[in-house]
Amino acid sequence: MNIQKDNTFRTLTFGLFIVLVFGFFATDWLRFLVQMSLSTFLVVLGVMLQMRAGLVSFGQGLFYCLGAYIAGMAGYFFGITDVFILILAGMAGSILLSVILGFLMVRFREIFYANFSLALSMILYGLLVKAEILGSTDGFNVPPSTFIGLAPKGDTLKITVFVLTCLIVYIVSVVLNRYLNSTYGYMGDAIRQNEIRVEYLGASVHRVIHRIYVIAAAISGIGGVLTAIAVGHVDPDLAYWTTSGEFVFVALLSGTANVMAPLVGTFLLELLRTYAFEYSPYTWQLILGVTMLMVILFLPNGIWSIGAKRRAGN
Amino acid sequence: MTKFLAILIDGSIYASWLFLMGLGMTLIYGVMRILNIAHGSLYALGAYTSVSLIGFYYATGTNPPMLGYAMLPLAAIAVGLIAGVLIERGILRFMYGSDEVVMLLVTYSVFLILEDIAKLIWGVDPYFAYQPYGLLGTVEILNLIYPVYDFLLIATSLVCAAFVWWGLNKTRVGKLLIAVIHDREMSMALGINVKIFFMVTFIIGATFGALGGAVTAPKVSVVPGLGVEVIVLAFAVVVIGGLGSIEGAMIGSAIVGIVRAAAVHILPEVELFVIYGVMALVLAFKPSGLFAGPEVRKI
Amino acid sequence: MTTILETSNLSIQFGAVVGASEISVAVNKGEVIGIIGANGAGKTTFVNLVTGYLKPSVGIIRYMGRDITALKPRKITDLGIRRSFQIPQLFSEMTALENIMTAQSLAPKVSRSFWMPLLQSDTVNRALDSLKLFGIAEIANQKVSLLPQGIRKILDIAMATVGNPQLVMLDEPTSGVSAEEKFDIMDILMDAFAKQEVTVMFIEHDMELVERYAIRVLAFYNGTVIADDNTQKALADSQVREYVVGKELHRTNFS
């Protein structure tokens, strides 16, 4: 019996080299675009993880924004700019919040889960908008990052942050891929397909969902920190429902088959967004909505499924 | 004593507003099993349309002022018919029978689309239409001053509640609708034209949603993003009462309305959390809401 | 004879419908019991109660002396009780092989891993062995949503037997299975169970199967147990004849 070898690790490693090389030679603008799509990619992975368990998160922006603001506040108010500390802090904050909220979320499915996640992210948005000390709707700036005592400037800083982003995203992807192929990873899919059976086989559905929720929150938090560092600014829009909608959009477009799927999706999103806003600022949501409908109607397994069918056919 | 009265009146006003928003959503869910996330944008479209119609009506200055109130239901019906038909016939009907989560994503996409359509038609600047609000003046109750318009809001939601109750319980069509709510397949087998019921229900639900927006418009500045708060609140109210239950929506609105008013007067900082707190509390004990129907056996 | 399962006064109501009424039954280790009754008599409800899917309004369930009444299905699985379902409960998008592998990986006392892939040669082989035992190895790589009902039923039972259970409750194990295969399947199942000294309770409508494999019969009607006796006596009971079996011209009468 042939077991299909999982090529993901090889592809990811190869991809890492390509992106790093590309980063050295690309223009500032293009490199920044790739960097942004990489941090967004992490949040999409969070959405995807929940989707595999049959749960749609319309409010992943909650943890994305939380991570970003933690990084921002640490730098702005406490002068902490070390990248590694910021990432750990963002992750820790997201994990703490998601562990607590998870007890509530695991009781819900489908529409309840989706709406609750939307509501929670909008609560954060409301809180941040009211917070004068945090700049309210304007947000505030994030001081430049340092790397264990080293404080590069200018182009060196940009390249260093880029390399760091690539490495972190690579590590997260590899680990997540391993996880999804493991027993625990299969549980998420099993829950989506038949919860009752999973309980009867001896696994706690609540615990599995809680775990998934926390992992998704953690990587979204990391994504938030990376965004804060890349952009140098945070504002409440990170928690607004339309931001969360973009993550759902990419997850839907890419499908949930493989961790690599959203990579292309996020890059296309960032590219599309740049041009859409330049030429027609009031139609971004329209484009997203229409594309989502098309995908739901014609490509229910996302764009990844097109390639998958061809590979299986061979 | 005054505080207690204030909480009661404020609570009733807020509850009426919540009920108007939740009514359409719970009706559509009860009949079609679709949670319409786009409900928020129907509300927004109702608000924008009402503002435009009011502006148009009072612009000439020659029309009898009191008749301006007719613009509100007019706006609601216009949005309900146009948007309702377009959404139901144009998109939803291809997706009947799909997974609830898929339907959720579909209505979410519609929400995104309608948000931008509102921007394209009306732009991003705020709109005001104060005439219906100002014309009625204020009234004083025990040292508390309230705009009379707010009581019009209460009256409107009571009328809507009565209309729905009468429609469901006293008309033949209403009885058929209840049959469809309870068992879609059986209704089809008995010859009820479920497709038409779906379309009409969606239009009515959309109209109620738009009415909520139309009636609120004179009180606020109408800006993009008006709709998203509505979805979250309407969902909370509807879930507390039990999805699909009209009485539930009424009780849910009343509870949330009073509790929120109490929070605003006693401890304003917790206002945001209070609504979700009530929701979480109710769901912890009754996961399907207060008036939900019995669970169907799966195995 | 040790009592492995005991229920006393088990009752539950669904609105106005009596799902179970004062069910008191004692099952001994190693017994094979057939549960019979018309549709809606409360057979599946009984299984749902014992396995923790439903909570009784009155009554106690004891397993090996331990009170398991309030436990969830997950805990009950851990303790060694398994069940199969009337409507096969499978993972619809996975293949038959993946279904068994998932079941095996989730079995109690099997170590679960975050890191090691599920699809490895030893897990795959173990799953294939299980499928071979039930004679469905050919369809290992087919998606279960495409399999015929009878094979889905068998797969459902295979998943239920994972992990050395001590008490197995089968809900209509041969419904949907073709007539020629019914005896073959039951032979395989009962042989395997007997070898491992598993106590079996199976719901069946086919009386030939009940006669052949069950040494004892529980007959249900309207939520109550109307007969609890060895097979011959139970099937001859007048109430059982009236409400369940009917007066039959039995095949063996013509020998």
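A, B and C label the chains in the order they appear, each numbered from 1.
FYI, contacts are C-beta pairs under 8 Å (C-beta built on N, C-alpha and C of every residue); 3 or more make two chains touch, one makes a residue touch a chain.
Here the structure is a predicted model, which means the values were calculated and not measured.
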| item | value |
| --- | --- |
| Chain ID, smallest distance between chain and overall C-alpha centroids | A |
| Of all other chains, the one whose Cα centre sits farthest from chain A | C |
| Chain B and chain C, separation of their C-alpha mean positions in angstrom | 49 |
| Gap in Å, rounded to a whole number, between the CA centres of chain C and chain A | 44 |
| Whole-Å gap separating chain A and chain B, where each centre is the average of the chain's CA atoms | 33 |
| For chain C, residues that touch 2 or more chains besides their own | 53, 89 |
| Residues of chain A touching at least two other chains | 196 |
| Sites on chain B at which at least two other chains make contact | 299 |
| Residues of chain A that touch chain C when the two form their complex | 1, 3-4, 6, 178-179, 181-187, 189-190, 193-194, 196-204 |
| Residue ranges of chain A in contact with chain B within the complex | 54, 56, 58, 104, 107-108, 110-112, 114-115, 118-120, 122-123, 126-127, 196, 241-242, 245, 248, 252, 282-286, 288-290, 292-293, 296-297, 300 |
| Residues of chain B defined as touching chain C within the complex | 294, 297, 299 |
| Footprint of chain A on chain C - complex, ascending | 51, 53, 72-74, 77-78, 82-83, 89-94, 98, 102-103, 105-108, 112-121, 124-125, 128, 140, 159-160, 162-163 |
| Residue ranges of chain C in contact with chain B within the complex | 14-15, 44, 48, 53, 85-87, 89 |
